[in-house]
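Chain lettering (A, B, C and D) follows the sequence in which the chains are written, and residue indices restart at 1 in each chain.
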Amino acid sequence: MSADFPIPQAVVAPELAWVGLALLLPLVSAVLCTVCAIARLPGKLPAVFTVLALAASFVVVLRAYNAYSGPVQVPIFEWMSFAWGDGRFQQFTAPCALYIDSLTLFWMLFVTGLGTLIALYASEYMETEKGAGYARFFFGISIFLFAMSSLVMGDNLVMLYLGWEGVGLASYLLIGFDYQRPSAVAAAKKAFIMNRIGDLGLALGIFMLWANYGTLQYSQLFQAMNSGGQTVVDWDVSLIPFLLMLGAFGKSAQFPLFTWLPDAMEGPTPVSALIHAATMVTAGVFLIARMYPFFALHPEALATVAWIGGGTALLAATIGMAQYDIKRVFAYSTISQLGYMFLGLGVGTTYGACYHTFTHAFFKALLFLTAGAIMHGFAGQLDLRKLSGVRHIPGWRLVSWTMFIGCLWLAAFPYTAAFFSKDAILLKALTSTRWDFVFLGWLGLFTAALTAYYTFRVWFRVCCGPVHFEPAADGHHADASPDAHGHGNAHAAKAGHAADHGFHPHAPKWAISTVLALLAIGTVAAGFPAYNEAFAHGTNWAQKMIAGSSAAAGAQAVEHAAAPGAGANADHAALGTVLGMDAHTGLLVVGATASIGGILIAAYLHLLSRASADALRRALLANWFIRWLPICMERKWFVDEIYHGLFRLPLWLGSQVLHFGDKHFLDGVLVDGIARIPIAAGKLFRPLYGGALQGYAVSMVAGVALVLAWMTWVWLRGFE
Amino acid sequence: MVPTIFYAACAAAAVALLMLLLPAAKKVRMAGTVLGLASIAWILVTIVRAIPVPDSALGNVGMTALCAFISVAAAVRVITHHRPVYSALYFVLVVISGAALSVLLSAEFVAFSLVIVYAGAILITYLFVLMLAQQSPGDTGGADAVEYDRVAREPAAAVTCGFVLLAVLGSVIFAPPRSTADAAADQIAAVDRAWSDLGRMPDALLERARRADPQVRVVVPRSNGKWIETQRDLTAVVSVQRGDSDTASDLVLPPSLLLDNTSRVGMSLVTRFPVSLELAGVILLMAMLGAVVLARRQSELADDERRALAGLDRLAGSEASPARSRG
Amino acid sequence: MSLIWTSILMPVIGAALVAVASVRLSKWISLLATLGSLAALTLFAFEFPAWNNGQYHPVEAGPAWLDAAGIRLSVGFDTVSLLLALLTAFLMPLCIIGSYTAVTERVKEYYGWFLLLGASIILAFAARDAILFYVGYEFTLVPMTILIAVYGGTERRVAAIKMFLYTFLGSMFMLAAIIYVAWEHRVSSGAWTFDIDALTATAVRLPASAQYWLFASLMIGFAVKVPLFPLHTWLPLAHDQAPTAGSVILASAMLKLGTYGNYRFALPMAPAGGAELMVVVAVLSIVAIIYASLICWVQTDAKKLIAYSSVAHLGLCMLGLFALNPVGAEGAVFYMVNHGLSTGALFLCIGMFYERYHTKDTDVLGGLAKKMPVWATFMVLFTLASIGLPGLNGFIGEFLCLGGTFIAEHDGQSGYPGVLGPRFAVIAGLGLILAAMYLLILLGKIVWGPLREPHHDAAHDHAAAQGTLPSDLSAREILVLTPLAVACIWLGVQPQPMLKAIEPCATRMLAKYPDEVRQLKEREAQMAADAADASNLAQLPQHGGVR
Amino acid sequence: MIALPATALASTAVEGIGQAFAAASGAQISLSLAISALLFVIGLVGFMVRRNMIIMFLCTELMFQGAALAMVTFARMHMDVSGQVFVIFILTVAAAEAALALGLVVLLHRRRETLSAEVWSDLGEA
């Protein structure tokens, strides 16, 4: 990293302390929710508090955006700070303060915005949980928003870590919201623990940054980088990106640590939409974007990110193709899309990655919320084999079509926002000078086709075709888990097996509908920056936002290091070619082909001739040489089983051995054994003390003899 | 200087004693006896050889060794014999050989008092009590003695402890011999003490002075207030007035005029240890009183005990015989 | 100074009054006594002038106790001991209130011994005289043994005896070391004294070999108390068998005597020995972390689980202490206090459901959130604090301990060289993952999930207990837990004043270490260089042969 | 005390001084001490192994004998009669002991009709 691409320096601006309200308001709402729970206040009061607080916090962020003129550092109060000397390395400073630059605002805008909308949605969705459960839910949401804000807006890595674990806690509480169901509890536990593994990496990365730079505040870290800080000089330093990466992969469900996310769908759907699709899982992307300059500390760090991202994208897409539970399909699609973002970060386009995060947040939240609406209305049914033609049921049109929009965006249909954001990533990869990035680019394109296929598989199956539905029943199918709320279960119990038993889906009411509509509009609008650039040749707002932050400076430096001589504004100049065409055109063609191809295949298999899909599956399974593929895809590549066998089982057995050893060897043999020595010695001499006179005499004489022997020994030695 | 050979002899003696103590076959006891005698001899020889013996002392040493042999053998019999009466008799032998040893060590008074008091008085008491508590022949179950006299209790531990103690005590013997200077100083001090003892006995002094010189009329204190002064050649000088003369003159007393053993013991007892002597008297008095008390209790308890033996419990017995207790 | 004695003697007087009062009155007397003790300490803390200099506050020597041996009744606090004493005094009334329904037999004796326990712990923290410290330190064993042996579970006798003998054995080494230092002081200055500062000044001048053994003996004494692997086996048993309040004080205050002893005696007195043996202690600490965490994973007894988790947590605390830099030391001291709060609270929570169901077996009991939502809320909060969730108190200590361990390798910049470094931090960090795992498994079993209650006899007991206890927490129990919850959150949000106050103590404790560690490193480097030279020389002919 | 050169004395054979004041032979002293130790130890062993109360007391008398002999030997060694005086005291104690102990033995024998010491082991604390 050289000073050629300086990271904008932050100004200390205590007068902006009001931005801290964005953190404080969700916390206040959390407290109010607690009060509601304690006082057993009836009604939707918690939801009101939460929605109001989140909306206010959104407004605060908007105002901050308006007031924004450059990176600022806003001190609030001292949290953990002490010094034992005057030197730079003789202090530990982690104040409660805000660091606001364009990246922060970019993230906070969609976090608080989507948070507000989803809270509104949940106010209706969770209405069957009135009372303590209702308050508990909104407590979780508020805590989540607080933690996420702290993660994004924190001035230092310790605050980021606070938010990082805080969102993990919120995730834990909300996944396990329906705590009576063991699967939900297990999923919550799994999510927290797998995240903890990543968190350890993050914590170690933080320590290493501190050990090497003597500070944990972004502004000072960036200053150190600007003033010609280290490049690859030191084994310690070059490990930093890898450790941070581990944290990011944990939180964003990337390859080694992704299995918790599908399980997290045990949580109520708004939670899945907000936390496990739109916001929390993008924290990893945020972390890498925020610390981007430090990823140049090792030449292969970003390549690792790219490989993991690309690989996870494909892996998750293959699994998503073979799932039947709508939420799980979307969960795997989330992992896959997150993979794209990491691919973007890895190949050097922070803009692409962040913009994709932005667009993804909208359409994925939309998709989840429509899935939630269906689940809400169909008594927890999420198996796409048991739902069909929802589009034709009265009252469900809005849901179907907003879902369609979401699917189009997820499939990266040409000229949708996601198309542009994905393009930015793939373009960067395909035009890279590194062969492996080009390969990853093609892999990404293939994954895009798969994405288009499985996305529309869901939509064609659920929304089109003949009208047919079954409410979920307990134990009816194993692989799709019923949703959390008791409402669905109650219905299921009443409704029995099929529709003709008097089950009627109830269409969403105003809150859900409004939110779906708003989100659909948001999804479309999210493409505006790209449209402005592509069609009006105006400025790309998103790109501008990213370019003003640490992420861009790092990207330029990486770019510079990879291809010295290329200009700073590399996205426009000196682009390579794709299939012999101009890069933009080429990618438009290829991307459109992949997307439309995927959709067409889905249309054939799941709309026009559903029988052929089953026939294809049977044919694949019948073929001895190819059957591993569908089996692996359906069984999620056995990752859970492998982890179980590789880590959990040996550790568990080891624990049992240790437990046994502790009880019977360490305590039983060693400690008790040593304690038994005096007892045994006592038993040995016991006959001497049976009360008979001679016994005492013997011991007395022995004692006298011993003492005299010693004295004589000393005395005799005196003569030598 | 650690006398390893002596320790080995002690170990052998210990083994021998153990063999004698264990309820074993006659052959083992014989072997034990042989081994014991051998090891005692070995110990004695070891000691004698450790220090050169001048020819003039050979007789003394030989006699000592003989008495030693007798007393140790008798002592072993005391503790190994199954019949208590024989043990007591062997003890008499120990006392007599001890008295002989005392004579050899020029302690004639002690020797006689040992024989008179120990062998004569104490041992007779023992024998008397032994007779009193004699088991009826039926109790012995056909063996030569009752079980608790035949079977030793934890002989191994006891013998080990005992002989470790012996080895330790015996080590003292192997300390370097006292220097001649020490012995000389002892001798001078002893003679001086003996002469000054004599100085405190005016009659004896006058008698000794007259033995040295029949002319002596009276012994007078010397100019420094003392009655007698020891010379460098172990003789003593006293001031005497001879015949009718009033002037004092010196008279040298030769060592042959020193007091005999019994006189010196008596003198020492009353001049150096008068309090101890009184205390000894008190002890004896107490012992006598104690014996009287015990004898009284004996008769009181006897009833109770007999009743218990008869299977009557104490309460019932006392209720059943109010008349007798009144009587 | 009189305030300090007040805080120590209030419980003692309370115990005396309890002995003659009626059963009903004894509860109130003991509550008043502990509250009085807390009030006295709080007053003292308010006028404590030494928050920011790391020194003892009343520095005057106390009245002579055994003049011939120079033993004096000197008491005084520095920041660290004051914090720990405050923690003890804070927990005492809560424990007393918490025991109101738990103890129904031999009530007066219970409260009396309990008060003596508190007094002796505060005495140990307040002592400025090594023998006075030892008296407090050892006397804790007497009431604790009685509390366990009389009011404990089914194996209470074994547990009590094992605890007593084990820790007593360890203390003997410690006492020997203290007397040794006092003797050396007498040899060098000609007078007996057991003043801790004076002894420390003497001890640091001892030759390195003497310091090595001094450190080792002190360490053995305190390691048993901490407890450090492999000397920990008395703790789970004692916790398992102890009555709830006993467990709370055992975990929160008594174990801290071990770490406090390290802070006060072992580390400052024998810097050369500490530097030499630091790696050994650190290795044992991380073994404790991993080992105890793994055992926690398969525990089905809730109390034993928390007991083993204490072993793991205090392992981390020791690791922070032995990172030998201010970060780790601050973290360790902070962690001492916070472990006391969160683990004590967890024991109270477990005690509360134990009172209702008479079982701690997580296989039999579960899903209590359904029946006891208020309890579940507290339980989750304290578990999260114990896991080390940022924003709650546990995090600060854990983070600083780990951070201190991590940077303990770097030299020159922080001024405090070390030898532990990232390797140790990584392994200890695995403990954090395991901590999350076992504590969440515990939560998953007893808080979440479908409601499972023991049947048969236990249910009968339960019905009987319901006469006095509501199914969820009573107001009294909430009153017990709320101050702890507030403390947990407050210290997580506002650790700053405490961190600032601990800092001078930490640097004072470590005053001798930079030089000692630097010398150690130089020696080791020299040895490595020599060895390299030797092996080079040895390899020369070989190379020649190959050529 | 007279200051006399040691050499002067060693060579001086004082006429008529008698055996009591002549330097004793080291071997004789050693032998006597060895016998006293042996008597003492044999008595001790006897006390430990014999179960007859009277014999046990007899064994203590044996130990007294050993001690008395040692006293006499030391008296000879140092040419000082104090050792012999102590023998008299030993005799006193032995006599007192015999009186009391034998009385006690008779008492005990009356109660249990046996002389075995073991029947009284219930007096011990174990």
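As a working rule, a residue touches a chain if its C-beta (ideal position, glycine included) is under 8 Å from a C-beta of that chain, and two chains touch if they have at least 3 such contacts.
It should be emphasised that the depicted structure is a prediction, and the values quoted were computed from it without experimental measurement.
Colleague: Applying the touch definition from the top, give me the chains sitting in contact with each of subunit A and subunit B.
Modeller: Shared contacts of subunit A and subunit B: D.
Colleague: Using only Cα atoms to place each chain's centre, name the chain farthest from subunit B.
Modeller: Ranked by distance of C-alpha centres from subunit B, the top chain is A.
Colleague: Counting C-beta pairs in contact, pick out the pair of chains that comes out on top.
Modeller: After counting contacts between each pair of chains, the winner is B-D.
Colleague: Taking each chain's centre as its mean C-alpha position, how far apart are subunit A and subunit D in Å?
Modeller: From the centre of subunit A to the centre of subunit D is 96 Å.
Colleague: Can you compute the centre-to-centre distance for subunit C and subunit D, using the mean CA position of each chain? Integer Å is fine.
Modeller: One centre to the other, that is 63 Å.
Colleague: Distance from the CA centroid of subunit A to that of subunit C, rounded to the nearest Å?
Modeller: Going by mean C-alpha positions, subunit A sits 36 Å from subunit C.
Colleague: Hey, how far is the Cα centre of subunit B from the one of subunit C, in Å?
Modeller: Distance between chain centres, rounded to whole Å: 67 Å.
Colleague: What are the residue numbers in subunit A that touch two or more other chains?
Modeller: 692, 694-695, 698, 701 - these are the residues of subunit A that touch more than one other chain.
Colleague: Going by the contact rule already set, what residues in subunit B reach two or more other chains?
Modeller: Where subunit B meets two or more other chains at a single residue, that happens at 153-154, 157-158, 161-162, 165, 169, 172.
Colleague: Can you work out from the touch definition every pair of chains that touches here?
Modeller: A-B, A-C, A-D, B-D
Colleague: Would you mind writing out the residues of subunit D in touch with subunit A in their complex?
Modeller: 44, 47-49, 51, 56, 117-118, 120-126
Colleague: Please output the residues of subunit A touching subunit C within their complex, sorted ascending.
Modeller: 77-85, 87-90, 92, 132, 158, 161-162, 164-166, 169, 172, 176, 179-182, 185-186, 188-189, 192-193, 196-197, 199-200, 203-204, 206-208, 210-211, 214, 236, 651-652, 654-656, 658-659, 662, 666-667, 670-671, 675
Colleague: Over in the complex, which subunit A residues touch subunit B? Could you list them?
Modeller: Answer in residue numbers: 687-688, 692, 694-695, 698, 701-702, 704-706, 708-709, 712, 715-716, 719-720.
Colleague: Provide the residue numbers of subunit B that touch subunit A in the complex, in ascending order.
Modeller: Result: residues 1-2, 153-154, 157-158, 161-162, 164-165, 167-169, 171-172, 174-176 of subunit B touch subunit A.
Colleague: Please name which positions on subunit C make contact with subunit A in the complex.
Modeller: 162, 165-166, 230, 233-234, 237, 291, 294-295, 297-299, 326-327, 330, 367, 369-370, 373, 384, 389-391, 395-396, 399-400, 402-403, 406-407, 409-410, 413-415, 422, 425-426, 429-430, 432-433, 436-437, 440-441, 444, 447-451, 493-496, 499-500, 503, 506-507
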